[in-house]
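Should a chain be cited, it is by its letter among A, B, C, D, E and F, assigned in written order, with residues numbered from 1 in that chain.
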Amino acid sequence: MKPVKRIEIVIEEIELENVIDELDRIGVVGYTIVPRAGGRGERGVRYESVQGLGNVLMTIACDEQQAARVIEVIRPILKRYGGVCLVSDAMWVIHDS
Amino acid sequence: MFSLSSMLIPAILFFALGFFAQLVRSDLKFPPDLTKALSIYLLVGIGLHGGMELAKVDPAGAIGAVVAAVGLGLGLPVIAYLILLLAVRIDRLNAAAIAAHYGSVSAGTFVTAIAFLESLKVPYESQPVIMLAIMESPAIIIGLVLANMARRGNGNGHDKRVSRELVHDAFTNGSVVLLLGSMLIGAIAQPAGLNKILPFYETMFMGVLSLFLLDMGMEASRRIGDFGKVGPSLLVFGIAMPLLGGAIGLAVGHWVLGFGVGGTLLVAVLAASASYIAVPPAMRLAIPEASPALFLTLSLGVTFPFNIVLGIPLYFGAAQWLASQ
Amino acid sequence: MFSLSSMLIPAILFFALGFFAQLVRSDLKFPPDLTKALSIYLLVGIGLHGGMELAKVDPAGAIGAVVAAVGLGLGLPVIAYLILLLAVRIDRLNAAAIAAHYGSVSAGTFVTAIAFLESLKVPYESQPVIMLAIMESPAIIIGLVLANMARRGNGNGHDKRVSRELVHDAFTNGSVVLLLGSMLIGAIAQPAGLNKILPFYETMFMGVLSLFLLDMGMEASRRIGDFGKVGPSLLVFGIAMPLLGGAIGLAVGHWVLGFGVGGTLLVAVLAASASYIAVPPAMRLAIPEASPALFLTLSLGVTFPFNIVLGIPLYFGAAQWLASQ
Amino acid sequence: MKPVKRIEIVIEEIELENVIDELDRIGVVGYTIVPRAGGRGERGVRYESVQGLGNVLMTIACDEQQAARVIEVIRPILKRYGGVCLVSDAMWVIHDS
Amino acid sequence: MFSLSSMLIPAILFFALGFFAQLVRSDLKFPPDLTKALSIYLLVGIGLHGGMELAKVDPAGAIGAVVAAVGLGLGLPVIAYLILLLAVRIDRLNAAAIAAHYGSVSAGTFVTAIAFLESLKVPYESQPVIMLAIMESPAIIIGLVLANMARRGNGNGHDKRVSRELVHDAFTNGSVVLLLGSMLIGAIAQPAGLNKILPFYETMFMGVLSLFLLDMGMEASRRIGDFGKVGPSLLVFGIAMPLLGGAIGLAVGHWVLGFGVGGTLLVAVLAASASYIAVPPAMRLAIPEASPALFLTLSLGVTFPFNIVLGIPLYFGAAQWLASQ
Amino acid sequence: MKPVKRIEIVIEEIELENVIDELDRIGVVGYTIVPRAGGRGERGVRYESVQGLGNVLMTIACDEQQAARVIEVIRPILKRYGGVCLVSDAMWVIHDS
C-alpha cells in the first residue's frame, strides 16, 4: 500500500472533455468517472435532463506532487463554471506488494 | 375550419397531461435516456420525411428557404438582445445567452405544429424542414459574438479555446447532424429500402411524438419553481418574444417565401420558438456568467408551453387570415 | 374453445423465456430504464384504448364498475390481512404491507389476460380498465391504516408526515396518472388525431408487451433466491390468495356487474393479482419495519408467475363455466 | 484550501426528497447525488429495478458544525429505513484562493 | 441485378452517418441503454422470424446447417490463430483472444446483409439464422482452449473457476438465449398470437436496424483512435481475415449446404464477421493479458465497417458468380 | 460514531460477481455499488458501451480486520484484471448511538 491523494471533482458534463485535456497536458493518466450525477450548489440545482447540464463525478488517485498540479489546472475551471473539488488522504492498494 | 376542438389533438393533450402530472407532484418520471432516445427518433423521422419531400422539389426552390433561415437565425437573436437590454433591462451577458435561445428553434414545437396541420388536413411545404436544420447554428454564433462584445475589456484566457469549440459545436451538434444526415438519406436512398424503414419512422411518428410531449410537459412544468428568480418582466418577454418572432415568421413565410397556410405556420413556429436542446449547453460553455435558471425557465418553462398551447393555433389563425387577403 | 394450445401465446412464452434465462443464470439483462419505458408505453396504451372504448359506452354503466373497484380495493386487503394474521400467523406490520399488495393490481397481469382473450378472439367489456386505474389507490390507504392500527401505542414522530405523503402518493402515483390521463385523452381527443397515434399504441401493443414480459420473467425468476426467507406457509399464501381473490373477482364480474366471459375474466385477474410497481415503494415508506424480501417475493416471485401461467387459464375456464350455467 | 467534513450517505431513492427537505430546514445548500446505485446491507440486497427501491449516494461537503447538524437529522432516517452514513476529513479547493 | 445503387440502402447510409458524426466529433451520442435495447429487439426479431420460417421447413434440412455452423465456429478461430501467430507474429494470448472474435459472428452484420437482400428482393434460406445462434458459442470455447495452451506452465489459480464460468457463459450468454428462445417461440407459438406481435417485430424491423446501425457507426468510428496501437499488420489482418472467412463461407454455403445466392451470402457473412458483443467480455475474463484495444479495434473498428460497406456487396457478387457457374 | 475503514474499489463490470463471491466467502455483508462508471488507467480508456466492459465502483465500510481480509482477496483480482483499490479512514454514523 502506498499513501496517495484522492481528488474528487464534481463538474458539469460539458466541461469533462476540457478537464481530461488538461489532465493529459500535465501527464495524469488515471481517473474514474461516474456520469449522470445531480446536485445542488451556489448555482442552483443541477439535474440530469435533456439539456446535458448534469454533473459528472471524477475521482483521481495520485501522489502529492501530481495532486498539486491537478488542483492548479482545475481551479480556474471551477472558478469559471462552478463545481467542487475535495482532496483527502488514502492508501492505494498496489497490485504487487 | 379552425375551431377550439382542433386543440384537442393528442400531441397537445399529452403535453398537458405531463404538465399536470408534475404540477400535482406525481412521482411519474421518464428516464432521461428515454427522453434522449425519443429526441433522436423524432429528429431522424423529421429529417427522413423532409428529405424525401425535398427530393421531389426543384432544388432551386430551396435556396430561398435557406437564405430566409440564415436571415432569421442571425436577425432574431439581435432583436431579442436589444429588447432584453433596452426594455427588460437585464445585464448584457444574460441578455446574450437568452437571445441566442430565441434565434434558434425548438424541434418539438415544430413537430407539434405539423401534428396540428395534419389533424386539420392542411398541406404544408417541405422547405421549412431545411430551415429547421439550418436555424440551429447561427444563433449560437451570434450568442457568442454578443457575449464577446459584452465582455470586451475584461478578457479571459479561456475565450479563444471556448470560441473555437463553440463554432465547431454550432455546426456539428447532434441535432444538426441528425437532421441534415437523415434529410440526405431521405433524398438519396433507394426507394425500396426507404419503404422498408418508413413503417418505423412515419407510421409510428405521431405516437412517439405524443410520448415525447408527455415528457416535455413534465420538463416544462418542473421549471415553474424558478419563475420567482426570473421575475415578471422577463416572464412577459417569454411570451412577447414568440409573438414578435411569430409575426416576423408569418411575414417571411407568406410574403418572402410565398408559402401557403401550412408552410407559413411552420416558418412562424420556427421564428417563434426557442431552443432548449442545442443552445443551453452551448451558452453554458460560452457564457458561464449567465444563469441557466433564466434561459432554461424562459425557453422551456414559458415559451415552449405558450407556443404548444396558444401560439400554434394563433399563428395558424393569422396565416389563414393572411392567405385570405 | 379453450385448450392447452391457448397457453402458447407469445406473451406467456416470452415470460417463460425470461424466467428460464435467469434460471440458467444467463447474463441477459434489460437496462432498468428500458423496463420503465416499456411500462410507461403499456400504461398509456391501455389507457388510450380503454378511454376510446368507454367513450362509446353509457357513462352510467361505468358507475357500477367504479363502485366494485373501490369495494374490491378496500375489501381484499382486509381479507388478506386477516388470513395472514390468523392462518399464516406473521406479525401485524408485515401482514399489513403484504395485504396492501393484494388489494392493488398488476397491470402486467391484466394486459396478459387481454392478450389471452384476443388470441382466443373472446370479446371483453371496457369497464375493467377503469377498475384497473382505480384499484391502485385504495389498497395503499388501507395498508397505511392497518399499519397504524398495528403500531398504535408505540407512536413514531414521522408518522403524520409520512401519512400525508402516502395519501398524496396513492392518488398521484405515476401509474394512476398515466392510466387516468390517457383514458381521458382517449375519450376526448378528436378522432383524426387519435387515428394518427394508434399505429404506435395499438398496432405495436402486443409486441411491446411480449418484450415487457420477457423482462418481467427475469424479474420474477430473480426472486426465487428469497424463497427460503419467505417460508412455506407464506409461499402457499402467495398461491391461495390469488385463487381466493380470483373467485371473488369472478363472482363480482359475473353476478354483480353482469359481464360476459371476457369481462369476468378481467375482473377476476384484477382481484387475483398483486401490485409490484406502485405499492412496494409506498409500503416501504409506510411500514419500514416490514421486509421487502417478503412482499416483493410474494407479489413478483410467486403470485405474478402463478397468474400468468396458470391463473389466467384457470379463471377463464371458471368464467366460461359460470357463463354456461 | 479549507478543511471540511465530507459526509457520504447511502439511502433508498424514495427517501431522497425527505432528506433534501431536512437539509433545507437546517440550511445546507450543497450536495451531490449519484442516482441508481445498488448495494447490500443488513436489510438484504437492494438493486435498481422496477420497484424504485434502489439506492442513491449523496455527498455533502460542509464545515464541522453543519456536519453535526446533518448527522443529527440523518440519524433518525437511517434508523427507520436503514442505510449508511460515513464522515471523513477532506480539503476543499476553494475557487479563489 | 447488382449495381452501385444497391449500396444506397438506408441501413448502410445510417451506418455511414454515424461514422461521419463521430469523425467530425459531433456531440451526438446514443445512451448506452438505448444501444442495449435496440440489440435486444433485433435479436428477438431475427429469432422470431427465423423460427417461423424454420417451422415451415423439414427439420432434417436444418441438421446440415447446424453441423456447418459448429464446424465454422471451431475451424475459423484456429485458422485465425495460426495466421496471427505465423504471419502477423503477435503473442499467443492476444492471438487467441482475437481469433475467438473471428470464429464468432456479428448479428448486426448479418441483419444488414438481410436488409441488403431484401432491398434487392433476393430470397434467402432460413437456416442461416440457426447458424447465427449456434456460432456464438464454440468460438468462446476455442479461445479459452487456445489461451490455456498458450499459458501452459505458467498456471494460474483462478483458471479452473474462470474456465467453468466461461463454458457456462458460452452457452447462456444473452444473445444465444434471446436468439434460440425466440426462434423456439416463433416455431411453436400459435399463429393468431404471433400475428399480433409481428407488427412490432417485423414491420418495424428495418427501421430499428437503421437506428442501431447509426449507433454502431459511431461506435466503430470511435475505435479509429486506437489504430496506432493496433499497427499496420494487424489492420491488414482485420480486412484479410473477413475476406478469407467470406470465401470459406461462400464455399460452405454454395457447395456444402447447397444454398441459393441469398443463403450463400448469409453464410459468407457469418464466416466473415467478427463478434463485438458476446465475445469481448468473455475474452476479457478468459485472457486478461490480452489487450481489449486490439480485439475491439479489429472487430468493431475494422472488420465491422469493412463488411457493412464493402464486404456484403463483394460476397454477394461472388455468390451470384458461383450460382451462375 | 465508530471509526471504520472505507474501501473504494474500481473494477470491470464482468468481475463484480466474482468479487461479491469473495466478499461472501470472508463474511463481508455490506457494500454499495455504483454501476456504469468510466475511467482510464494503465490499460487504456474504459467506457460504458455495447461490450459491457465498463467500470463499477464499489464502496465497503468495515473494521480494520475485515479491511485487511478484503484487501487480501481483492489484490489478486486487481493484479489479474487491473483496477484500483483505495483505503481511507472514516467515521460511521451508527443508527442508535
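Following the convention adopted for this analysis, a contact is a pair of C-beta atoms (placed from the backbone, for glycine too) under 8 Å apart; a residue touches a chain by one contact, two chains touch by 3 or more.
The structure presented is a predicted model; accordingly, all values stated were derived computationally and were not measured.
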Open item on the list: By that same contact rule, can you tell me which chains touch subunit E and subunit F alike?
Closed with: none
Task: Number of steps on the shortest touching-chain route linking subunit A and subunit E - done: 2
Task: Same-site or different-site touching of subunit B by its copy subunit E, using the half cut - done: different
- [ ] Report back the single chain whose CA centre is most distant from the CA centre of subunit B.
- [x] F
Task: Relative to subunit C, chain with the most remote C-alpha centre - done: A
Open item on the list: So using the touch definition from the top, which pair is joined by more C-beta contacts, A-B or D-F?
Closed with: D-F
Open item on the list: Using mean CA coordinates as chain centres, what's the gap between subunit A and subunit C in Å?
Closed with: 45
Task: CA centroid of subunit A to CA centroid of subunit D, Å - done: 19
Open item on the list: Based only on mean CA positions, could you tell me how far subunit B sits from subunit C in angstrom?
Closed with: 40
TODO: Hunt down the residues of subunit B that sit against at least two other chains at once, touch-wise.
DONE: 27, 31-33, 36-37, 203-204
Open item on the list: Give me the residue numbers in subunit F that touch at least two other chains, ranges are fine.
Closed with: 34, 36, 48, 52, 88
- [ ] Kindly provide every pair of chains that touch.
- [x] A-B, A-D, A-F, B-C, B-E, C-D, C-E, D-F, E-F
Task: List of subunit C residues in touch with subunit B within their complex - done: 31-33, 36-37, 40-41, 44, 168-169, 172-174, 176-178, 181-182, 184-185, 188-190, 192-194, 196-201, 203-204
Task: Interfacial residue positions of subunit C with respect to subunit E in the complex - done: 5-6, 8-11, 13-14, 17, 20-21, 24-31, 33-34, 37, 115, 118-119, 121, 203-204, 206-211, 214
Open item on the list: Considering only the defined contacts, which subunit F positions touch subunit A in the complex?
Closed with: 8, 10, 34, 36-42, 48, 55, 57, 71, 74-75, 78-79, 84-88
- [ ] Mind listing the subunit F positions that touch subunit E in their complex?
- [x] 12-15, 36, 43-44, 48-53, 76, 80-82
Task: Of all residues in subunit F, those that touch subunit D in their complex - done: 1, 4, 6, 29-36, 59, 61, 88-93, 95-96
